[in-house]
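Before any comments, here is the structure.
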């Protein structure tokens, strides 16, 4: 197709759209009067595929909204893109969304490395991005782990790694007489995204991180880590680990009678971890897992979310066994925020009005997260606190806001 | 050519090769029971290919191979072995890290009477009974050749294919191998031989066949050839 | 049909016009193909031409990328000045990787040893956060050439194309020379080559260094293209990718490396095109490689060679 | 580095009492490496092909059990025939385990017959890439179906730990899992020793390891035995996969981790040596733990790489290896 034909075709489409809508909004890519195109990217394959439910949680919510009639008559047209959590593929996924699919915005994107790699393109193109990746450098302003003002079009509805990690630090520091902390982390950007801010916070509170140990993906044994921790005599352990390795660490801690609290980052599902450790004693009073929601997963307060997930996801998109896990709700959390932005932006939707609308979110109760969502032009991270799942004396699941203090 | 009743091996119009490279272009030959036949020919004339096609390492594209009037055309080596065709290859392909005993016993692992075989082999090669526990890779070429022939005899084959039995051996070993071959023939072993050593070949075999460019071009009985090999040499190379 | 070898010039000339018809997404994919062409060409020197089973390629790739990244971020050098140093770092790593081969480690021993070398390098990227940014990764600034910023994929394309054409032609010349013939001799029979008076040790070193140099430049381009390096990019998945490129393309064939990198880089994007296939990339990729090995054991270049003998690589015989 | 050495020296007194524990858990984890190395060795020993995709087949073994388990449980509950009654005495886990080993045996047999045998005469590289590609495809299918969540292996027995012995007030512990792993590996080692040195099958395998053409010359159906051995190697690997699944969780990516540990154990023990593979696995297991505690946990990951590189540079045939023809 030569340039002339191309421009003619573009003109024809533009005229057609303009004649139907008659609004300036038609000039904005990715939206028509009846649809909003959303790029939903994430690890559909590759070694971080366990984070894939984040994508499906968001998809489920948008399908639900579509079923309710959409936002101002516009329904979401969600395009899925596989990043495999690898930079080169992630960039391809994002560029396809931007230049080929011409989406209105990109969302979910759990992998920090990919988010960092596509950030320059997003900024250049003015492409809204609402992600769940941990690295504070992605949307961080001065107050949330970054060094300057947040990028205009990029935001987290959820907390980023900076706030989550810092809350892990805060939580352990509320335990009386906490002086020495040990870290067990994977050697990837996800783990460092949580643990580094936690270390900064702990050190700022006058306590000491005496040990920062590595645990590789796939490790089947944490003897070395636990024995090192034991010889240091620490008061608490932060475990920035994915679920399988977290389970291994907890088992080893129990085996070697390490009676120190272990705080998990957002990489695992509390219920599953407890089940997989297979021994309530090994978990009780010892293990606390970062938690974002207003109540326990599976509790009546979150039943509506579960219903949406079960209704709007296909069998392939849901877990093979059991109920939707924490990551599905995390995806919902992101999806609700993104959709709320469209509700607030009104009928005359452009990228600028959308971002302005998002920035009006203030103390917004999304009916799912424990913390209220607040986004301002200076602060593009929606939630800055996190809570912790744990078992109480009777072995019941409780959400703690600080050491020994239940949320409800 | 209809297979006649006395024939042990009957090959008709065999065409075979490696990929696009056709080596045999219609070989026909016959080996009778109790007979020793030698294949002669220049390098690359297809002698070893004939043996490999008989024993099944190579599938012919045309032609048939019959053993005792039963077709063994194109069947894999382990089946031709069961049918009674055993090859002693040029490279010998012995189990180097194993002992003489293990090598011999493996010769009868699929088929054959182990005790009978061992008795027979030690009759032919008394030297091997002294080297019973020696690792084969530490033996000399001649001794290895003995193990290879011995291993082949373990299954009491109906047809023995010998690929250059004298290759790379010292004159004394060549002589010994020759004598043993004659003794095996006396015991009724049928053999098809590929041999470069013309003197040895004509001494031990009943008939000879000359192969050139993948075809049998000449042949005859070795009985009335005493001393005059020049004709044969000329046919092979010119 | 009688063809002249000058038709090889047609390809780079044809692709010059690509930016006119491609959007930035497809242009990015083309740029990625250019990166992997160098990876394939470099890898093929050791594997295809010298016939050694060495998986150290990913280490060279990573070292090249990180060298470029570190020089631009730590020393503030413009990207174009770091391309050659990145290649040299790769070459240095190549020399290191040739040590086991020089000590007589061969075949599959060499394979796992170089595999371990690659993983060790990845460990090193993680453990030297001061230089490499550690597991958080290293953000590389926008590449610059003579003060010009390569802001779009189109800009990068022309620079990359120039580098690839120069490197590929140089490699081709080298492989057609005495050196290439020596590699071939070593590949066919190492002892015979030594007996013919070829100093095999020197040629091993040369081949590994050369491979490292070419792949290192590829790594430098990768750094410029992707803009964010993380240690996980240089893991064993990358080994499979590189390996697939040269096997699918055709061992020891320059044209094969080019075809292989086009196919291997484009396949995931084709799968991406069909949204219902999302998440199926891995098994489709695996199955495709199996099919190619079973039915086209000499790779795509053997198909081309059948079309016209001009595509037959003169410095490669099997 | 110097800091680390200093810290090791100052912590020596504190660390020393945990040494027995490190050795014990090193042996326990080493047994797992040993089993995987053993399965790779058996495969290599008969066919002289090194299976670069073995890790993914090990992983598949664990998933096979996971997939079969509900089917078995269901059938036993429903079936009321005599066979069902008989089966109800056998724990479903055991049934599922045996079935999954059988499935992996069939997989190995078919993989060799369909994908490896036709290209066996081709270049080494094709073989290596073929094995890798098969593994990659297997991983892709599993990930597509089961990759979205962390699945738990069904447990045949509760996790429990025991104090093995006590030294100056510091106990050394072992879990039931670890004890069973050790038991299973020792049994498997004995079984494979007997099979390979005392049976006709073992003699044939021995012969094929020496020369495949020579084996054809004595009438061995080389293809068939190669297929069988691939089956045996894969099902033995699957047993390792099941243990791995019990120790960790089901993870489609465990293959790479497995493969490199297996290689390290094989290299250290010497290629082709059965007991070498086991001893290599044990040494690496212990080394990982000791280096991990005394130097830094960062060394756990690279222990196996360092072992591979150092062994191949210093003593390529490993501890008990013998030289043999390699076909990759």
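Letters A, B, C and D mark the chains in the order given here, with residues in each chain numbered from 1 onward.
In this text, a residue touches a chain if its C-beta (ideal position, glycine included) is under 8 Å from a C-beta of that chain, and two chains touch if they have at least 3 such contacts.
Remember, it's a predicted structure, so these values are computed and weren't measured experimentally.
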Set of chains whose contacts include both chain C and chain A: D
Required minimum of steps from chain B to chain C, each step between chains that touch: 2
Chain centroid nearest the full-protein CA centroid: D
Chain separated most widely from chain D, comparing mean CA positions: B
Length of the line joining the C-alpha centres of chain C and chain D, rounded to whole Å: 33
Cα-centroid distance, chain A relative to chain D, in whole angstrom: 36
Interchain centroid distance [CA atoms averaged], chain B/chain D, Å: 45
Separation of chain A from chain B, taking each centre as the mean of its C-alpha atoms, in whole Å: 75
Per-residue overlap in chain D, given as positions that touch at least 2 other chains: 140, 143-144, 147, 256, 298, 301
Residues of chain C whose C-beta touches two or more other chains: 279-282
Residues of chain B whose C-beta touches two or more other chains: none
Pairs of chains, among all present, that meet the touch criterion: A-C, A-D, B-D, C-D
Contacting residues of chain D [partner chain B, same complex]: 200, 203-204, 206-207, 210-211, 213-214, 216-223, 322, 324
Complex interface listing, chain A residues touching chain C: 1, 3, 44-47, 49, 52, 79-82, 84-89, 91-93, 95-96, 98-100, 112-113, 116-117, 120, 124, 135, 137, 186-189, 191-193, 196
Residue numbers on chain C that touch chain A, as the complex places them: 20-21, 23-26, 28-29, 32, 126, 134-137, 139, 142, 151, 153, 222, 225-233, 237, 268-269, 272, 275, 278-282
Residues of chain C that touch chain D when the two form their complex: 47, 53, 99-100, 103-109, 111-113, 115-117, 119-120, 123, 127, 235-236, 240, 243-244, 247, 251, 279-287, 289-290, 293-294, 297
Complex contact set, residues of chain D against chain A: 11, 14-15, 18, 21-22, 25-26, 28-29, 32, 140, 143-152, 155, 158-159, 161, 173, 175, 244, 247-249, 251-254, 256-258, 288-289, 292-293, 296-298, 300-301
